[in-house]
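Please find one structure pasted underneath; my questions will follow.
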């Protein structure tokens, strides 16, 4: 048996050791991917909100402008 | 009555009364309702308006008296889809949105041609709130969500128990408009209300309840 | 107890607003309410009237703005017994009678001298229904049972959310009379309503809510 | 309580400050976690000799024990943040508490699974109802309860306060997990690693274990920072500093 | 005016209840968690001896699952009565029995099915031998719909009364006992290597009968209960 | 204006909840019947062997009683929230914690006390030796109020949510486990003739702490939960 094979065999306990390590890494990777996706979603929502706000402000300004010409920025 | 209708009345109520524990809840009621007519059920708190409407809807059994539907004794099975009842309890699931609630109603009762749930909600003043859970709506908004059924479901006779409660003025006007179009299109409605109803489609009938 | 400066209002609201999910529910509100005054909170369905009243009652936390009570910043502990709130939900146990419900309320809040539960119920028009379980009352009768609290509990500021809904005309008149005697006796009230209020104790203040 | 505490907390706890602070620190934390993790894994899986009793099965220790420690450590952090959040209503503390919960739950889950996988060859069973195993399971339920309660509310800050309350109640479980082996006779072994006295474990096994422990700590910091930054953006959506970030990170 | 067919109405009904359950998915999980808790508490209460646990495993899982179902039964119509949706359903121009059948189906899907899915886990926690598992699952697949159907009739009967809880339990007991006896009999027989088909066949026959009759009875009971 | 003292307010609160429970006395009987059913089903599910039943009797009775209590816990505040009475209670000028303490007491009286009363019957059905009975009752007398108090805090926490049953179960599990372990430990020790005081002393200490802290925690939790 090559040394790699002995290493992988884990003295006959491979069926316990490697799944344990697999779970460890799988869970931690899932833990670090989840917030990454969430961050992307949050940013997307934020930008959508900004667009909504600016259109609403524009509408409000347009409807106000004739009444208060002085209040609009130069 | 002086109505010019030749056809048999839509609904005819003769000496109708309801007993609870062998005591009549209200004095016997007699009236006729023709297609195109609106009747206001009036009476003090506790005079039996809700009881009358629930009886007409078929939720309470008829104690004494007779009910006739389009000239023949009323058969529940023959006319269930024809009668729409809206009570103090609105029949909305608080966890579902207004739109989902309407979809259930149309799934069970059928749908008027040419009206969509979204259009009905916009019409009743809930545009933008279609997908909020009903739980999160204000009292008047909940009422409006329930009233959207009137626009969407096919029914000839509307039984509305205090449809104006909790509504603001534009909501009240909207309900009046609904009643006008409904009666103009040959429907009929029985409405209970304590406030003044500004109904422009002719003089409504008045049914007074006495405890 | 008695404020040294006569001008200090009972309740002062400055730039009050409430946020849900970081969005303001209504535009900031400013007003003062002096002893003996009645204020009508007006606005369309969903404009935030209920939210405002719940915030003043202390059920919702104050988002932004300030609340002052008798001239000093409002301390909940110092004035809980002074404020009476009546919301869309009436706070009645359906399995208990109106009388039992009132006894609970007085047990928790104290009782005005010289008024008994039976007298209050008779006054509000529920004579003969004192021992019916609330479940068996009609919608308007339930509302009256809840309103009987106004007669019985000691409180300076009444916060009434649509007290007129479901009441018949005599009930509405009764509520107006209650408001008049309360303000005449130095109390104050904040009332939301969509209908016209016939208040004879002076011109009420109007507070308009904007979504 | 001394008045400087809220002052100090408010300064560091200002969302934009912490957002920047966490942003600069996070890559370093991640790098340290990777560095110590790789060293620890090499030492644990390759260099350390097989155990004279357990053979190679004991190598699960290098993930089991650090995860077990993290499961308790993170609960402690969450509990402290929760306390601060409830007493001083500091937004950042709410966020730290709520974002610690999923990480803690992850480590608790790892502990349970790796323990089970270790238990089968050593004790002949995946699971027994012994005090330490049970209290660790209870810990997982507590984490899940906190997460669930947080999400059950529609208003996030309200949910955070309710969940913080639960987190504080549940903190009694942490000493139970730790001392359960002393208080009750159990299958699970007692303390073998002792920071302040002689440990009953050979150095060749000890140093990879300590490396892995450091790696998990750094990983927690990195993960927490990332989560907190995201949450702050979501919570402060209306503020100017967030608007700038949203516009720049298109 | 477009009038949807029966299939549409059935689908609307089913979708409604499933959506509602999904919105409150916490409540679906309730019986499941409840069953999990019960099964977890047994080893504590009895001591973790494998042989003893194994001996009682089948019975405990059956009783636990059926009781967890009972928990959810009470709520089958209550919220619909409170918010007035049941009135609307009764007034709708569709056969009430069929609509109620859909409600019962939705109820079974949301309460019993998750329980059946985790039953192997529960049995495993109590060290039930793997060979007995299929029999246990089969027994549950027959016993749970039976309980849903009969339970629905009783819940409908008590819907109008105020003290529904006691009545319900009282009336359900005679129904539970035979179901448990047959189901547990099959599991016990399998555990001892005896033939286990006969008791399950009885359960199946009862189920077939209930599927036809229970919705009709339920509709009649509800109409009576609402009329007050 | 007459302002009633604290004692009056407490009495009003207690009387209110007891009257309500009495009006719905069917619902009080529910947990009792539930416990009876469970205990009756066990001999059916496990076969009527005396020794086996006797061996598990103490544990089964404990688990059953605690679970029956859990059933009723969920409803502790729900009806008060729905009809707005809880708002009125929060707004009343009386210490909320004290009032909630009264509510919890009423809840214990109406759900746990009947269960404790029938516990000897349940234990008898499973042939628990008579000598162990006092220990079982003592254990129940300590464990049930503990569960009521802690449960109330959690129910209050979930009051503002859509009252998800799963959450409650999830959060209650960690609390149930120690109570069951100690109570069952005492019963098992008594059954084997060993000293059983120590585990009960632990329960008592926890109870004393909970009596003081739980109502306060409950009040704080409710204020958080209602604020939306």
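Lettered A, B, C, D, E and F in written order, each chain numbered from 1.
The rule we apply is simple: a residue touches a chain if its C-beta (ideal position, glycine included) is under 8 Å from a C-beta of that chain, and two chains touch if they have at least 3 such contacts.
As the structure is a prediction and not an experimental result, all values here were calculated from the model.
Enquirer: Check every other chain and keep only those touching both chain D and chain E; list them.
Expert: Touching chain D and chain E alike, sorted by label: F.
Enquirer: Looking at C-alpha means, what's the farthest chain from chain B?
Expert: Most distant chain from chain B: D.
Enquirer: Does the chain B and chain C pair touch with the same residues on each side or with different residues, judged by whether over half of the numbers are shared?
Expert: The interface is built from the same residue numbers on each side, given that over half of them are used by both copies.
Enquirer: Any chance you could check whether D-F or C-F wins on number of contacting C-beta pairs?
Expert: Counting C-beta pairs in contact, C-F comes out ahead.
Enquirer: Between chain A and chain C, tell me the centre distance in angstrom, where each centre is the average of that chain's C-alpha atoms.
Expert: Their C-alpha centroids are separated by 47 Å.
Enquirer: Between chain A and chain B, what is the separation of their C-alpha centroids in Å?
Expert: Chain centres of chain A and chain B, defined by C-alpha means, are spaced 50 Å apart.
Enquirer: I'd like to verify one number: the distance from the centre of chain A to the centre of chain E, where each centre is the average of its C-alpha atoms, in whole angstrom.
Expert: The mean C-alpha positions of chain A and chain E differ by 41 Å.
Enquirer: Roughly how far is chain A from chain D, centre to centre by C-alpha average, rounded to an integer in Å?
Expert: Here chain A and chain D have centroids separated by 20 Å.
Enquirer: For chain B, write out the residues touching at least two other chains, lowest number first.
Expert: 88, 95
Enquirer: Which residue numbers or ranges of chain E touch two or more of the other chains?
Expert: Within chain E, residues 23-24, 26, 40, 44, 82, 162 contact more than one other chain.
Enquirer: Over in the complex, which chain E residues touch chain F? Could you list them?
Expert: Chain E residues touching chain F: 23-30, 32-34, 37-38, 40-42, 44-47, 52, 55-56, 58-60, 62-63, 66-67, 70-71, 82, 161-170, 172-173, 176-177, 180-181, 184, 188.
Enquirer: Residues of chain B touching chain C in their complex?
Expert: These residues of chain B touch chain C: 43-46, 50, 88, 125, 129, 137-141, 143-144, 162, 165-172, 194-195.
Enquirer: Show me the residue ranges of chain D that touch chain A in the complex, using the header's touch definition.
Expert: Those residues of chain D that touch chain A are 45-46, 50, 55-57, 59-60, 63-64, 67, 102-103, 106, 109-110, 113-114, 117-118, 120-121, 219, 222-223, 226-227, 229-230, 233-234, 237, 242-243, 246-247, 249-250.
Enquirer: Please name which positions on chain E make contact with chain B in the complex.
Expert: Listed in rising order, the residues are 1-4, 8-9, 11-13, 15-16, 19-20, 23-24, 79, 82-85, 87-94, 99, 226-228.
Enquirer: Which chain C residues qualify as touching chain F in the complex?
Expert: Going through chain C, the ones touching chain F are 20, 57-61, 80-81, 83, 85, 87-96, 100, 103-113, 133, 154.
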